[in-house]
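Per-chain residue numbering starts at 1, and chain names A, B and C are given in the order in which the chains are listed.
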Amino acid sequence: MVSPFWDRAFRLFAWGCSLVLMGTFLIIIGFLCIKGYTALNLRLIFGDTGFWDAVVLRRQVFDGLFPAMAGTLCLILLSVVLAVPLGLSTGIFLAEYASPRVKWFFSFVFDILAGIPSIVVGLFGFSITLFLHQSFFDRLYPCLLISALSLAFLVLPYMIRTTQMALESLPASLRLTAPSLGATQLQSIVYVLLPAALSTILSGIILSIGRCAEDTAVIMLTGAVATAGIPRSVFSSFEALPFYIYYISSQYADHSELINGYGACLVLIFICMNLFVLSHFLKKRLSQKLLFRH
Amino acid sequence: MQPKIKIAGLDFYYNGRPVLENICMEAFENTITAVTGPSGQGKSSLLIAVNRLWESIEGARVKGDIQIRFGQTFQNIYDPGFRVPELRKKVGMVFQMPNPLPMSIYKNIVFPLKLTGGHKKKDAAFRVETALKRSFLWEEVKDRLNEDARSLSGGQQQRLCIARALILNPEVLLLDEPTASLDDTSGRMIESLLLEVKKSCTLLLVSHYLDQVKRIADKGMRLSRGQITQAW
Amino acid sequence: MGMKDFFLKSLFLGACLLSAGIALGILGFMVVLAYPLFAQGLFWDMLITPWSPGQGLFGVGPMITGTLCIASLAVGVSVPISFGVACFVGILHPGGKGRILKFVVEAMTSVPTVIYGFVGIFLMVPLVRELFSGGSGMCILSAGMMLGLLISPTMILFFAQSFTLVPQNHLDAADALGANTVQKFFYIVLPCAWKSMVTGLVLSFGRAMGDTLIALMIGGNAAAFPESVLDPARTLTAHIALIIAADFDSIEFKTLFVCGISLYAMTGIGVVLARGLGQRGRA
């Protein structure tokens, strides 16, 4: 039996670890806040250009984060449009149509996909661009489309896994209800199962959005640059917030640029936290809905 | 009395283990045929063999012949060309635990109509009302059809499920211990509504309440270890 | 099955095959592009020779070593801390305090790596430089510790989830025999959960090996075999980021595919190990 000494030691250890973790995290956030709070104003985002001029794209923003934020936004939209339908369909197939052996095999493949480092996905995207450039499309360079495609590959396993898990964890009685009323498998999926799993799937989409917003390794190989303005088309290079932060960390010209870097960190953290909170509350809403009994 | 359902040589395996062996029986039109016996002996499996719901359950396997008379002729529901969704529109099912879908009362009842498509809104409202009246639920919910079905009491939910199963006017209704999760009063209400329903339908009722069976069943049989041991 | 049903089922199947194709295609593409190296029999040598383009040596041995060192340090730092926090959150204080901490840990998982890298450069590196006077501060130690912080939240959540895998009736039986929380943990929960925990460890190791930015920003990027934790090192991932600007027909560029294949193989082995432990990894 565990003696009181070990009991106390164990508890102390757990408390200690928690304090170390929390402390480190607070130090990091605190450090960023202290160094960056002076940068937190509209100038950080819009530079010398006025708010409205920038937002309606009348004038270019040179010194601010706006192009990077716009770039990140376009990236997210494009990646999500590519990854969500594919991931959703695959997840539906695995959860509803695949036999156990088929399911095992594909799950293994997608686990591998999920484990591939982001830089390798970026390398793949870059190499594809190279290959296409040399063979068919000599006007194709790393661009928004390639980055979005590569990011879609990155978040695809999350979408698949979330959809599959959301559908598989629906109560067994719900699965039999629609078929017992004469629904075909497709009708059961579309009218009953997907609506019931929607909140979880949505939170998975939000997670994927977060992943796209924060990734740097993929985009630095496939089209992100330091200065490009608002992306003109899907075939142009673009700026992105995380890349800006990376770039500034080694290429800052003076103190104020560094301060802007800290400010950018705070903005990025803010965006990611909001996405996280949204995803968290969506998941909570689902568990409340499922537990709703009279 | 004409036979409605003819079952011959039915075997049911679950994960390789035999659950039903060589079941042969007949159910007659407009009667309540009861299936009784101790738990876990295959009563529910017999029901899901009749509407082929076992095909949605992993590990279940069925062999045998089930013929149901639709109109004048018997059709073997295990014929290769037989369309299963069509079968389930003529053979309804009510489960032991009420399973309202996560939607409003109205949408629950109208759901089978939505699956078949091609119904008009006015027509639907009338059919919903009829179905709810048949299951003795109309008076209690007519003013709150848009409320979530899960806000109803257990007995009401079960009557909702019965109404939902009745809206397509099935010729056969399968009931798997429909009153097991309810109190006495709700149970009795359902028993009286089943007596009304049988006038236009053939009922197959699984129940382990012997007094319930005595009250409402016309014919019955006892299943023990996957075989019929008694029939009356 | 109706036409619409069949069509949509085929569509879903097609999506599945496409997704799987992408996973395998990534590997295939890199193998094809590195083919000249296989053909010349150079591939396996490259994994151990040093990197010295001036002398015509294009081995990625130092990078493999760098990756393994930094990842090992990260996991080594992270495991005890994650274990401690997971115990706090899952076992000792599952109620109020633990729930708040768990929420914070979940929030931490959403912090991007570039932020850790940035703070690493301006906070940790000077600190390491001070404490271990000598060197630039950009070394395995800095990178390993920052990376450990990065992977900890996921590991904590994985461990905490492992603790819930024990069947409730085991716990009830222990309660009935008068065991207290800590005793229950060591005698009942841990034996049940350790396999799942090792899975989490393996997956976190894979994640640590695959991270680019922390190693790139605070690891030092020296392409030589490191000799101590205070030496700078370059990882496979950082190497890819650095060399991508080279001429595509050069051998240097081809080494990127060697890196890519190595990384793919290393994380792939991790996945196989995790599956072999009988648990599906859900990081």
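As a convention for this text, a contact is a pair of C-beta atoms (placed from the backbone, for glycine too) under 8 Å apart; a residue touches a chain by one contact, two chains touch by 3 or more.
Please read all numbers here as calculations on a predicted model, not as lab measurements.
**Q** I need the common contact partners of subunit A and subunit B, sorted by label.
**A** Touching subunit A as well as subunit B, we find no chain at all.
**Q** Find the two chains joined by the most C-beta pairs in contact, please.
**A** Most contacting pair of chains: A-C.
**Q** Tell me which chain's centre, taken as the mean of its C-alpha atoms, is farthest from subunit A.
**A** So the farthest one, by centre of C-alpha atoms, is B.
**Q** Averaging over Cα atoms per chain, report the distance between subunit A and subunit B in Å.
**A** Going by mean C-alpha positions, subunit A sits 47 Å from subunit B.
**Q** What is the distance in Å between the mean C-alpha positions of subunit A and subunit C?
**A** Distance between chain centres: 18 Å.
**Q** Compute the distance, rounded to whole Å, between the mean C-alpha positions of subunit B and subunit C.
**A** Averaging C-alpha atoms per chain gives centres 54 Å apart.
**Q** Two-or-more-chain contact residues of subunit A, please, as numbers and ranges.
**A** Expected reply: 184.
**Q** Over in the complex, which subunit C residues touch subunit A? Could you list them?
**A** On the subunit C side, the touching residues are 1-2, 4-5, 8-9, 11-16, 18-20, 22-24, 26, 29-30, 33, 80-85, 87-89, 91-92, 101, 103-119, 121-123, 149, 152, 156, 180, 182-183, 186, 203, 206-207, 209-213, 217, 237, 240-241, 244, 248, 256-257, 260, 263-264, 267-268, 270-271, 274-275, 280-283.
**Q** Please name which positions on subunit A make contact with subunit B in the complex.
**A** Checking each residue of subunit A against subunit B gives 100, 173-184, 187, 191-192, 195-196, 289, 292-294.
**Q** Report the residues of subunit B in contact with subunit A in the complex, numbered from low to high.
**A** For this pair, the touching residues of subunit B are 51, 53, 56-58, 85-89, 92-93, 95, 97, 99, 101-102, 111-112, 114-116, 148, 150-154, 157, 164-165, 168.
**Q** Which stretch or stretches of subunit A touch subunit C in the complex?
**A** The touching residues are 1-2, 6-7, 10-11, 13-18, 20-22, 24-25, 27-28, 31-32, 35, 85-87, 89-90, 92-94, 96-98, 106-124, 126-128, 130, 153, 156, 160-161, 184-186, 210, 213-217, 220-221, 242, 245-246, 249-250, 261, 265, 268-269, 272-273, 275-277, 280.
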